[in-house]
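Lettered A, B, C and D in written order, each chain numbered from 1.
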Amino acid sequence: MSGVTLLDEPFDLDADRLKEECGVFGILGHEDASALTALGLHALQHRGQEAAGIVTFDRDQFRAERHLGLVGDHFSNADTINRLSGRAAIGHVRYSTSGEPVLRNVQPLFAELEGGGIAICHNGHFTNAMTLRKQLIMDGAICQSTSDSEVVLQLLARSREKKIVDRFIDAIRQMEGAYALVALTAKKLIGARDPLGIRPLVLGDLNGAPVLASETCALDIIGATFIREVENGEVIVCTPGGIESFFPFGKRPARPDIFEYVYFSRPDSVLGGRSVYDVRKKFGRELARESTVDADVVVPVPDSGVPAAIGYSQESGIPFELGIIRNHYVGRTFIEPTQAIRTLGVKLKHSANRSQIEGKRVVLVDDSLVRGTTSVKIVQMIREAGAREVHFRLSSPPIKHSDYYGIDTPVREKLLAAKYNLDEMKSYIGADSLAFLSIDGIYRAMGFDGRNNAAPQFTDHCFTGDYPTPLTDLSEDHDMARPPRLVEVQ
Amino acid sequence: MSGVTLLDEPFDLDADRLKEECGVFGILGHEDASALTALGLHALQHRGQEAAGIVTFDRDQFRAERHLGLVGDHFSNADTINRLSGRAAIGHVRYSTSGEPVLRNVQPLFAELEGGGIAICHNGHFTNAMTLRKQLIMDGAICQSTSDSEVVLQLLARSREKKIVDRFIDAIRQMEGAYALVALTAKKLIGARDPLGIRPLVLGDLNGAPVLASETCALDIIGATFIREVENGEVIVCTPGGIESFFPFGKRPARPDIFEYVYFSRPDSVLGGRSVYDVRKKFGRELARESTVDADVVVPVPDSGVPAAIGYSQESGIPFELGIIRNHYVGRTFIEPTQAIRTLGVKLKHSANRSQIEGKRVVLVDDSLVRGTTSVKIVQMIREAGAREVHFRLSSPPIKHSDYYGIDTPVREKLLAAKYNLDEMKSYIGADSLAFLSIDGIYRAMGFDGRNNAAPQFTDHCFTGDYPTPLTDLSEDHDMARPPRLVEVQ
Amino acid sequence: MSGVTLLDEPFDLDADRLKEECGVFGILGHEDASALTALGLHALQHRGQEAAGIVTFDRDQFRAERHLGLVGDHFSNADTINRLSGRAAIGHVRYSTSGEPVLRNVQPLFAELEGGGIAICHNGHFTNAMTLRKQLIMDGAICQSTSDSEVVLQLLARSREKKIVDRFIDAIRQMEGAYALVALTAKKLIGARDPLGIRPLVLGDLNGAPVLASETCALDIIGATFIREVENGEVIVCTPGGIESFFPFGKRPARPDIFEYVYFSRPDSVLGGRSVYDVRKKFGRELARESTVDADVVVPVPDSGVPAAIGYSQESGIPFELGIIRNHYVGRTFIEPTQAIRTLGVKLKHSANRSQIEGKRVVLVDDSLVRGTTSVKIVQMIREAGAREVHFRLSSPPIKHSDYYGIDTPVREKLLAAKYNLDEMKSYIGADSLAFLSIDGIYRAMGFDGRNNAAPQFTDHCFTGDYPTPLTDLSEDHDMARPPRLVEVQ
Amino acid sequence: MSGVTLLDEPFDLDADRLKEECGVFGILGHEDASALTALGLHALQHRGQEAAGIVTFDRDQFRAERHLGLVGDHFSNADTINRLSGRAAIGHVRYSTSGEPVLRNVQPLFAELEGGGIAICHNGHFTNAMTLRKQLIMDGAICQSTSDSEVVLQLLARSREKKIVDRFIDAIRQMEGAYALVALTAKKLIGARDPLGIRPLVLGDLNGAPVLASETCALDIIGATFIREVENGEVIVCTPGGIESFFPFGKRPARPDIFEYVYFSRPDSVLGGRSVYDVRKKFGRELARESTVDADVVVPVPDSGVPAAIGYSQESGIPFELGIIRNHYVGRTFIEPTQAIRTLGVKLKHSANRSQIEGKRVVLVDDSLVRGTTSVKIVQMIREAGAREVHFRLSSPPIKHSDYYGIDTPVREKLLAAKYNLDEMKSYIGADSLAFLSIDGIYRAMGFDGRNNAAPQFTDHCFTGDYPTPLTDLSEDHDMARPPRLVEVQ
């Protein structure tokens, strides 16, 4: 074969998005616990597509299944659901940030402690995990996975406390970072959210059975009622007898991650009392106000740019059109190409809808700009389809800093906005004009006058560099604390 | 498990759409023939997802691969493409209308004739295939597949003509119906379109290599130039020396299928000189003019209802919003569920975006109404999300008649519009109001004053009952001509 | 990797044996028809390991499954057996002699004729199949497979006879060669053996249900009673009402293939009234009488050399020992290696049992010598294990001629005995002495005084060059009659 | 389906044999370390067919692959071998004694310790593993697997010693039982054999590279030279600089397991200076002397009864014949049946060779008798084939006691010889006579005058009840020390 290949996909519009690491779900006291957990995880699939796992507790035994792949591929058949018997379950979807995906890293993780078994999974990242791991290994612990969750388990196992909840609190008191944790013991479903509430976690109810989930869309799919968000720094312990709350870190103001609104959460989820779809439309409206342009058509970068583009269109009065068409039949192969051959712009996942672009001045709306590699290609595609002008608009501020709280960001040097000023970015991308939503604009869209720099309402370090927790691991030498030097193929 | 299941999907919005049977592609004289064919078929995947096949010719041998499943799953790796060597290729994507999918039915089909081998595939349906098959079997022919294409092959094999093109013409002269045929011999790429041009077929060019494809989107993906549509009744013969045309049926006016505009073709394809996306928006605009309603929001039934909904919104001034969110991570399992357990409205593929619906008067726009089973559920979902009123609008006329030209329609008794009048349909679906685009409205959107009943511009029998060809098989007893009485697995 | 590999197996003792092409089985009138057929095929697995197929008839439908691989891998689960419902079944195991294995070649083949469907499979080879195929294609027939059976089907389909049995006889009258055919119609189980009875076929009975099988071991496994052999040239037609016999070729003396005794049939089968195991022991005894040698131990080449070695040991009084040990855990991979890298004598399937060989004079007994490639290695292995002398003994005469009746022999130039005299063979193999059973010796072991050259009792062309039927295809030009010029992967 | 099934195999002659738990292999300083380990494990496959694993060390990383299934199925392709790069490797084949097979139990296990990584695997059983595990969990250790090897790892990780060899010795000093251990660090290949040398381990050399293996047959397959057995209680440490020995338990007489000669080891292995094949023949000769019988034919129960049957035949003068034929084409399915339906004596793996049995007085020779379930069936099969008399002879004494050293024996109540006396056993089995080799007979065959009851030469508790080590776990309550209460499906 000479010049054409099917395998590479240089034009995946999703190739340059930030990736969330995980989603969590738990339910206690329902006869269909595993089926409901599978459904909840399916609704959270956008938070992690690499692997999924479910652990249930049935009478005197925990039951686990963990698979690489989508929830629907492995947890949708009756056999699996029947094997996962029991009236309590927790589950996890995972996106891997590094290394080869291996099954031993798929959560929930499980340990048999002196007082009984416990399964645990989390969304987020512990910023002192490697430091703690190093200490644990020196103390004779054997760490089998490379997952941060295992550090929590090891701390739990070594805690001198007697009760499992006390052990749990003992363990998370030693952890720093951003997390939503869900754990299951023989009698309890436990949830915990980091002291600032950076990662989301909500509490629901299904006919009396308490439900924990990363987002409200996972409650909706099973018909559960939304009760409230788990508070920042709260440890919530569900038993058949009721729900108890602990605040081991005391109470302080929350700082949820603004990026959940920008990109991660599903548009139909409600977060902090706000419809995510509505917030995104408001980002688009605010952007239209800040960066007006004379144009013929507003075209979203599918799919995540759509709500902001609708908002932009409604505010500006410029018609909204689907100028880019998504091919729904992109099989698995294109997601995991087996070899990387260069192609000349073959567009497997998207194509330009020439009739809406040719001869027109196009406002192209996307949610955020990371490395810019995809934006270059999309602007080129729009130009090739005959656009007269291309005005690129981003419904969030420039990303200038890496994340350390469970989001897979490139190293700082690869972030376009960390390298270039606005004009350089415009040239790099090849647009006729380029504009971002301002940092105050994003806070205005959230209902504030602007960012409260003295006590910021949200975690927004990717835009501002203001990290709200210590980053212990970054300042240490972690040669020994690295994940085990074992390359494993199942 | 008691009341919940993952497997069944009663709420697949695509479950009640008409299904196209096939897409075809061919190219002659390019070193990457098989890779380009795989790309072309990928772009045509919406026309058939059950199976795909490619046949190439390399020096003195034909090479074939046929697989159940998506193009991207089987034809995207270098090994397969390399096995399919040669500078000429044809390919096929297939949707099965009946029975178990078996490999022997996957096209292209191949036969070794006295004068050499020929591979053949088609989109469409021959309305006298069973009658001819019966005759062939009585004459001692052995039919291995249940595919109509095999009848063409058998007629070719038995033709007294000497030249392959004459044999081809001899064969299709005996066939009735609607079809776009693509064939490959050692030296020629042949295309043919039925006398009325019911099924689409276009001719393109890639650096001198002629390309045949069901739609222009398959030209776009490989960067080929659109030359022209193959004309109705035309047999087009491509050789390295050039292109020849034959009109074995004489010349007469075309009557292309209006349903290609309504639903089948991809929105970015251009058909009969019209952008499919544009036509659909015009259907929506025309619909808005015909059936105004006082409402707060226009919500499309994703994804095929989107262009008409945008048109409706633009014409009516009512805001367009994504009131239904699609889950992009529906794995294979949900496409082919292994068991059918009833569920209570678990929505795996779609969810209501409550923030855009609650308390609002909603205009719900879909492209067509078949059995109505899905429409019932979607109206219910919108109501459950809090809509104050639900006005259901269809951007095509009521479907009252079955198709016999390659589209998988239910038997007439299952078509909602064949059973009920408008008011009964409204009640059945549970909408506050219901309206269809009129038959003249659809012709107006196409640029005419209305339907020319004396000489209709399009094939529109699903709406009108006006079948443009004989339906020979329908009037015969075909017990013996039935597909072989063999149930085969693998 | 430098010098060692797992993949290649230069020391497969079975690599240089002749291969049978097929085994057949059929049963009529038993509720477990498909399960019994699967068992029968499993017992015949030694006759073909590449693929297996079963066709049943259930009320008004034939049901088929055909798979590449072993019977036990595909036909041992309840699902498959249940899909193959019906009270009549035929089945086939196949060893491929040429080309890539493709499913369309796996038997039984099926055709829908004017009078109803028929499935057919055979063991053997038609020596005028290509000549007939050429004629059929010129007459407009489409041949889908490269299997000889399809020629029979095509002749059946074109026969002017009305009754299916007459059509069947009409067809086989046109065929030359060696075969055991089994066919199934809606009402009949049909068997046929070539005019000379070269290929074997037996008739059994299971509680009133007639059974046809290549060997008696297939009757034993299902507990069926052996009735008689199907006679040479006999067409046997089983219906619920009874069994009818036809002799379309008249009656003449049989000449069964002597190689069934030498190597192909299972030792526990009874053929022509003789225990195969017993015959092989007699070959060994005769060989001991003809070729005495002063030695310490008789070692069989496992497993097919064992009975002859026991006979040799009993006749000569030299102790029998397992000097070569077989590894039973050779997985599939080693049967179908994915690449052929040279190795340094790594013995995956066999190893020398040094304690029985070191310092001893060894008589090594094998059943036959084909190309000699394995014999070289085995003699070397025995020497490396410390043998003082190695005397190689073959319990059949030198193979000097190729087979054209369904046995996969190398071209004549590759047959060691066709190239070399005895002394040259001894040197090539590296033995201290070499001896074959004489042609008269083999007839003596069968109970005759010797070969009746005027009217040979057996088909023995591999030893004598005396082919008992015309070899029409060999004398014609078959360019057009070749298998279709289609290379197909699934 | 009514009365016949393919799936169940009540007549597997190997169904009632004792099962070894494992085989181990290691090599240091060879560029083809992983390929050679795969070959070695293939030669040891008879010691465990459930799973296999290999760990290599390459520069700064360990590399691991572990698979359920046969060595040849997963470790015979170039990709796998290439991934397992490095000049040092250890490997393991495993037979599971309890529970569902799960990947986390497949050895070698790996841990990252303070001083670096270590991989470890073993054959055998630690009789105080559960007691130690309980203590470890109370101390906060997390045990991920149910493998005894993990206890060794945990003890290693918690050792206060600095050097890895000292940690290793520290760990095994706390362990009781029977074992052959192989471990790999970045710089060392370590082997260890239990204080009594119950489980076997040999040292070989391949062009200067030290090799450790359970049996000599694993040296033979790669062409390595046998150096010596690892001594009982020896820790052997191989580095590029040479080999060091430690005897942490002091020196005392060895008591290797007699069952390695009776059944486990491969016949071509040499153990304790004796050919296993020769020893088995001597068991047969001794048995013939102890239990003469007037008979016509000696028939082995294949395959393990063959050497003893040959010995019996040679001593008694009664002819040896293959009265039972093994079907070599029993696919994987029959090894792991998916459901257990009763059958009516369908014999998938073996068949009677009637010609050698009918009308004869048969001496049937097998190596040992466990539950007797298979023996009942085999005697019945021989009788059904027409035997006049059946005399059952076992070439080992009655098994009256369970094993706790790594052999999978039924609970004592299921052992036929623990329940019944000789006469009752004869009746149960249905033989005309029954005889076992005596306990002194087995010692005579080994070259002694008889068993030295004061200081037994071998471990023979299955026959005598004389367990040579403490059985600590048996006398404790291990509720908490049980394997984690987690049922996991990969």
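The rule is simple: a residue touches a chain if its C-beta (ideal position, glycine included) is under 8 Å from a C-beta of that chain, and two chains touch if they have at least 3 such contacts.
Everything numeric here is computed off the predicted structure, so don't read it as measured data.
The chains that touch both chain B and chain C are none; no such chain exists.
In this assembly, D is the chain whose CA centroid lies farthest from the centroid of chain B.
For this pair, chain A with chain B, the centres built from the Cα atoms lie 37 Å apart.
Per-chain Cα centroids separate chain B from chain D by 62 Å.
The set of chain A residues touching two or more other chains is empty. Touching pairs of chains, sorted by label, consist of A-B, A-D, B-C, C-D. In the complex of the two chains, the chain D residues touching chain A come out as 55, 60-67, 80, 83, 103-104, 110-114, 117, 137-138, 140-144, 150, 153-154, 157-159, 480, 484-490. Remark: chain D residues 1-7, 31-32, 35-36, 38-39, 42-43, 45-46, 49, 69-73, 75-78, 81-82, 217, 220-223, 266-268, 270, 275, 277-278, 303, 306-307, 310, 314, 319-322, 325, 327-334, 337-339, 341, 344-348, 351-356 touch chain C in the complex.
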